[in-house]
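Two complexes are shown next, each including chain A; its partner changes from chain B in the first to chain C in the second.
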Partner chain A sequence: MSDPVPLLNVQIDGIWHQFPKGTRVIEACAQAGKFVPRYCYHPKLSSPGNCRMCLIEMGMPKMGPDKKPELGADGKPVISWIPRPQISCAQDIAEGMGIRTDSPLTRECRHGVMEFLLINHPLDCPICDQAGECRLQEFSVQYGTAGSRFLEEKVKKPKRIALGPRVTLDDERCILCSRCIRFMKEVAKDDVLGFVSRGGHTYLTAYPGRPLDSNYSLNTVDICPVGALTSTDFRFKMRVWFLKETKSICTSCATGCNTVIGARERVIYRQTPRENDDVNSCWMCDYGRLNFHYVNSEDRLTAPQIRLNGTLETSDWGPAIVRTAEELGRFRPDEVAVIASGRMTNEELWLARRLIETLGTPHHDVVPRWGEGDDLLLNADRNPNTLGAQLLGVANERPGENLARIVARVRAGEIKAVLALQEDLLEAGFTAGDLNRLTFLLALNILPNPTVEAATVVLPGAAFAEKRGSMINAKGRLQRLNRAIAAPGNAQNDWEVLRELLQQLSGTAGPYVIEDVFKQIAGTIPEMRGLSLSKIGDRGYQLEDVEDVPAAPAPEPAHL
Partner chain B sequence: MGTVIRTPHPREKRIIFKNIDRPGYTPGIDSYFADGGYEELRKAFTMKPQDIVAEVKASGLRGRGGAGFPCGAKWGFIRPGETKPVYLICNADESEPGTFKDRYIIHQDPHQLLEGMIISCYAVNARLAYIYIRGEFPLGAKILERALAEARAHGFLGKNVLGTGFDLEIYIFRGAGAYICGEETGLIESLEGKRPYPRIKPPYFPAALGLYMAPTIVNNVETLCNVKHIIRMGGAEYARIGRPNNTGTRVLCVSGDVQKPGYYELEVGAITLGELIHDVCSGLKPGRKLKAVIPGGSSAKVLRAGERYKLKTKQPDGSMAEREIGIEEVPMDFDSLAAAGSMAGSGGVIVMDDSRDMVWALNNINEFYAHESCGQCTPCREGSLWMKKLTARMLDGGAVPADPDTLKSVADNIAGRTICAFGEACAWPTQSFVAKFRDEFAGYAARNVPAGGHGNGNAESQP
Partner chain C sequence: MDIPAELEAVIDEVIKHYPVSKRSASLPLLHLLQEHFGYITDQAIEWIAQKLEIEPVNVLELVTFYPMIRREPAGKHHIRVCRTLSCAMAGSYRLLETFCKHANIDLHARDHGGHLLKSPDGHYSIEFVECLASCGTGPVCMINDDFYEAVSDEEVPQLLQKYQ
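Take a look at the complex of A and B:
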């Protein structure tokens, strides 16, 4: 046990509080309910103290002749106030410190800084993407004035600059807080941004010949307190106040960065990182962030399809499920294989496991998806739920190990039916010829692909933003997806599709709500015992001892 | 430099400038030797470093760069037994408008500076030192390089200096061409190869977290030269020059509307502003009256002729007496100029007679500060440019009645709220000019200005 951090007494606006030693003054004020406005300060970056918005009055205990603090009538130290205002973002609290966040001097300081920041600002809020989530707007309302006494010409600076493939810069809107520069240097370790020119003509730019093309570049847009840096992808697409925000997680790799999905009606407009110090701090990578446009695709599968006389025909759900169950009933257990996905939720994987058990087939696996990882957030495992697939027994400790054997058995004519759950079999080692060799092929997916085109039955599922469920990231953290938008057309949540199939195959009623699916998992998988979807919380739940994932014990048939 | 050879004024007390403009004196080391050069270095090596620090403390030497901070106290911030390397930097980025003293030392007597530096390095145990010389002083940098080579050849630098076991290297670093590079933490950033953005203090006080986050002493050229003379005469003896708390001599750089502008080394506080103008500088131009004086470099608050100041002086019996004085009676020392509401600053005295338009003069200063603001922090970046644009507009015939109030409030919103002292440097001129010459500023709104104006971009054609 390390020594507990000592608590220090600090007076904020006349009231004494206690904070752990090492607390920043600006954070102490916030904790005391006295938010101090700031632009350049960011808790995850160094503090340059350049915006001067967080100026406060500060004092230290007045020392008596005995070199001990003089005590006032209340028995507390008398504070000797420093005449100059001090920034609150770069100093830690000290014993007996006094802080005034709302004195006439601090108000005057904020008022002055607000005026300075706006005199050369283009005031183009009506066409600015930041409007609605702009610190300049917010603090202007709180600490600024409506009128201007600036009679001079504004400084002209570069506009519509493509800093890189994904970030657009408007230097006239920039307040030179340097957050983006510090992020790129300190977090992304790609010191590509900087200021050039001097004084009021200073502007932000990228190093000559070096674009801002880091896979983390869009985080600069998030932390830009104004509309200087905008996402080229999101720019001019939607006013932010129309966006419905849904807490979710990124499903583009095994890190599972916490996110907020911004959607309106049935369209996702953006994904932004949500702070979680156990997973992704305040950041996410550009690759994951922008990996949602397929959800909005025109090509989405919107209705089940059944192959009739060689052609896929649109169908209702009932006939599609019945046809699938009938077809599967014609094979011996070892003539069927289930190719599931590390992109499936735990709930879906659990039901896939039940399907495997019900069919009695030993042939099942997930499709591994490896890419290049980095030291920051991007995991080499591009499947978001490999651990879930292992824990729930759909994959073994070496995901993908069975695929080659399954393909060989397909080619040998031993496996005649394949259930392709959220995967294109061409990515699992199958060839187009292998697909044609199958007697029956089920494709559960959201977009057309060669497997869908070759399928006997196509069942349209839901994308990550269209469903609830849980996943386990590479570090064993159980996290939740939430539904931001509805699945298009007649598409269904995948867990419900799998439940329908199981019901049809077993003749027994399945779980009615997704909470019940999770309850079944929690009742069976020791690592998840006692948990429920609601207990996971917005920031996830760290599972114990999941490094060595044991195969899931065989479920009791009575559960279904 | 030094094209006009002039003999010192009889009222001068030449210590630092003893060799400046001396006929036959060259920057070479032989000239310096002929005059007893490097004897004080040999003497210093017979002393313990802490004794040198004590002598400098006893001398009362205050920094000659502008802030007037006690030199010994600054050195005292280096903790005894410091385990990190200690660096000493000579701030030769002389760029305060109206100030032109350090360049003469560098150009004409570089070994005086080197000797002062080597002694200072020994005192604070710095083994590596830099001379950060203003980028616009290429000749000075060449002269210093030559002087360094000579000093090295004579064993005053390098390994085992004069057989004492003390190692020292001094490097010349040419500045990046910006006024802010003279701000000590901006200078350190620049020396580290970065933009000269001044650091926030706390926590980055140079004596604790300076160059490469190691303890660092930054001293002005003239300050370091004084160290040599403190060793020669002893701290107590040195302290007898000048006045208590205002010891030694200062090189005052007088410019503007006087008959004989130039540099004059004077005992601190020994003469008044009036004596400086009328006696030392041979008075104002014929038929002119004194209007204003900026006494300590362009950032010092302007003094207006006719103002009365309350000056407290210590009487021989130890009691304090207050007397009221006019501008010409202000003694030229740190404390008296501070009492008059301005500062001794960098020693640049700018004299203005009644032909001067104060809006034009302020605009001239504002142009400089708007150009030199580093742009790091909001109030200075935005405010300095605003003030400049405002005074330029006044000159161009667009003055409005609210201008004096706006100017004052913009300056008020800068001073005391910035990362470094540039905030005050750019706000004080505006604050003082507008406060002291308010009628002149207010009168502009009613002026009928000829077409084309006479302001920004046409700075020579003042009315």
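Take a look at the complex of A and C:
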């Protein structure tokens, strides 16, 4: 065990506090409830101290002739104040340090810094995407002065610059804090941004022919305290104050970056990272961040469909479920296969597992989805919940292993019915001919695909942003999705669809709310014992030793 | 861009002076390439970046920050007039104007960090520079590598005569 970090006494605005040694002055102030405004400082990046917004008054204990601190009437050290203001972002606290965050001098400093920052700023807030979440706006209100003494011409700088495929730059709004430069150098390890020219003419740029095209480029937009860097995708789409923000997770790979989904009514406008030091720090990749537009697609499946006389006809839920159950009742257990998805939530996978058990089929798996990973956040496993599928016994240790066998049995005429849950079977190794060979094909999905087109029954499900549920990331962290928007039309939450199907097949009542589904899981899967959906919390819950969990044994087929 | 072997040998030697970070050799390398080629091209920026294993934008930052690094050729003779305080008070602004008048340079073409002021025939170019380190004898100027102190307006035509 290492020694505990010693606590140091620090006086902030007249009150003594204790903080662990190594705490930044700016962080100590925030912890004491005295927020110090800042632009360039970011806790995950180096501190260049260039914006000067965090100036405070600082002092150290006055030393007596015996080289010991002089004590005042209250028995605390008397502080000898440094006459000039100090930046609080680049210095750690020290024993007996005094800080003033709200003195006349600090207020004057903030007025001055704000006035300088706004000299060349275009003040185009009405058409700026950052408006509403702009530090320059907020600190103008809190720490600035209403007027400006600037009568001269503002410096003109480059505008509407495509720094890369996903980031647009307005140099006139830039306050030269260098957060983006430091992020690209220190975190993304792709040092493509820099400041050129000097003085009031300095501006941010990328070297010609070296665009900001890193897969992490949009994080620069998040950390830009002003509207200089904007997302080309989100730009001019929606005023941010209209966005309803929902905490969720990214489902584009097995990392499960924590996110905030910004939506208005039934449309998702953006996805941004949410800080979680156990998963993604403050970042997420561009690929995951922008991978939501399909949810807003015009082509979404909005009503169940049943094949009648060769064509798919729109139906209500009742007939679609009844038809599915009737059809499934005509097959022997080993004539049915269930192809589920590593994109399904634990709750959905649990019900899929129940479905597999009810049908008694030994033929089930998920479709593996591999891509190229990187050293930062992007996992090579593009399925967000492979561990969940394994833990809940829908897939074994080698997800996708059974697919080839299932396809072979379809070709041999041994498997006659397939339930395709959130997957296109063409991605599972089936051909269009294989789909036509099936007597019955159920497609539970959100968008049309060849499987949907060939299906006997189509059930419209919900996208990741339209449902609650949980997933387990590659490191065994159980995390929650939350519902940001409603599913379109008559589409339903997948877990409810699976429950209806189970009820119809087994004749028993299913769980009423998703919490009950989770309760069933927690009551059965040892790794999740004692947990509930609400206990997972916004930052997830680390499961113990999930990698060691053997896949649940395949259910005994009723007859082979 | 052709870097002669002798120049590259000098460059390699200079880089050795910065064992902690090769990046620190950026400015010395810019000076060496400017001395050799007369100005800094995009290719020079990219060559330095590659040599020092940094991104070209890191070199571009320096090139655009320091006025003494040129992006285009200077005139046949390059004049530098000091504009820092002592020289300014001793009349360097007027001296700059006088030089421009006699060298046929349009002073109004000046912009921030922009192009070099040059006579139409390219014979002379002029730059208003920071301190040339002779504050007691202002206004001072340099023509090419020659240093002139306490330059009066009357001397200017003669001085230019020397540089044909």
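Please note the rule applied: the second predicted complex is superposed on the first by the 551 of 560 C-alpha atoms of A that agree within 3 Å, B and C clash if a C-alpha of one lies under 4 Å from a C-alpha of the other, contacts with A are read in each partner's own complex, and residues count from 1 in each chain.
Methods note: a residue touches a chain if its C-beta (ideal position, glycine included) is under 8 Å from a C-beta of that chain, and two chains touch if they have at least 3 such contacts.
Because the structure is predicted, anything quoted here is derived from the model rather than measured.
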{"item": "Partners on chain A (chain B, chain C) - clash or fit", "value": "clash"}
{"item": "A:Ala206 touches, of chain B and chain C: first, second, both or neither?", "value": "second"}
{"item": "Chain B versus chain C as contact partner of A:Asn50, first or second or both or neither", "value": "first"}
{"item": "Touching partner for A:Ile175 - first (chain B), second (chain C), both, neither", "value": "first"}
{"item": "First, second, both or neither for A:Val394, with chain B first and chain C second", "value": "neither"}
{"item": "Chain B versus chain C as contact partner of A:Ile306, first or second or both or neither", "value": "neither"}
{"item": "Which of chain B and chain C A:Leu438 touches, first, second, both or neither", "value": "neither"}
{"item": "Chain B versus chain C as contact partner of A:Phe150, first or second or both or neither", "value": "first"}
{"item": "Which of chain B and chain C A:Leu163 touches, first, second, both or neither", "value": "neither"}
{"item": "First (chain B), second (chain C), both or neither touched by A:Ile485", "value": "neither"}
{"item": "Clash-bearing segment of chain B, relative to chain C, as chosen among 96-104, 150-158, 312-320 or 384-392", "value": "96-104"}
{"item": "Chain C-contacting residues of chain A that also contact chain B", "value": "194-195, 197-198, 201"}
{"item": "Contacting residues of chain C [partner chain A, same complex]", "value": "42, 54-58, 60-61, 64-65, 112-113"}
{"item": "Complex interface listing, chain A residues touching chain C", "value": "191-198, 201, 205-208, 210"}
{"item": "Residue numbers on chain A that touch chain B, as the complex places them", "value": "47-53, 55, 83-85, 87, 90-91, 108-109, 112-113, 115-117, 119-120, 149-153, 155, 175-176, 194-195, 197-202"}
{"item": "Residue ranges of chain B in contact with chain A within the complex", "value": "178, 195, 197, 200, 202-203, 370-379, 381-386, 389-390, 393, 398, 400, 402, 406, 412-413, 416-419"}
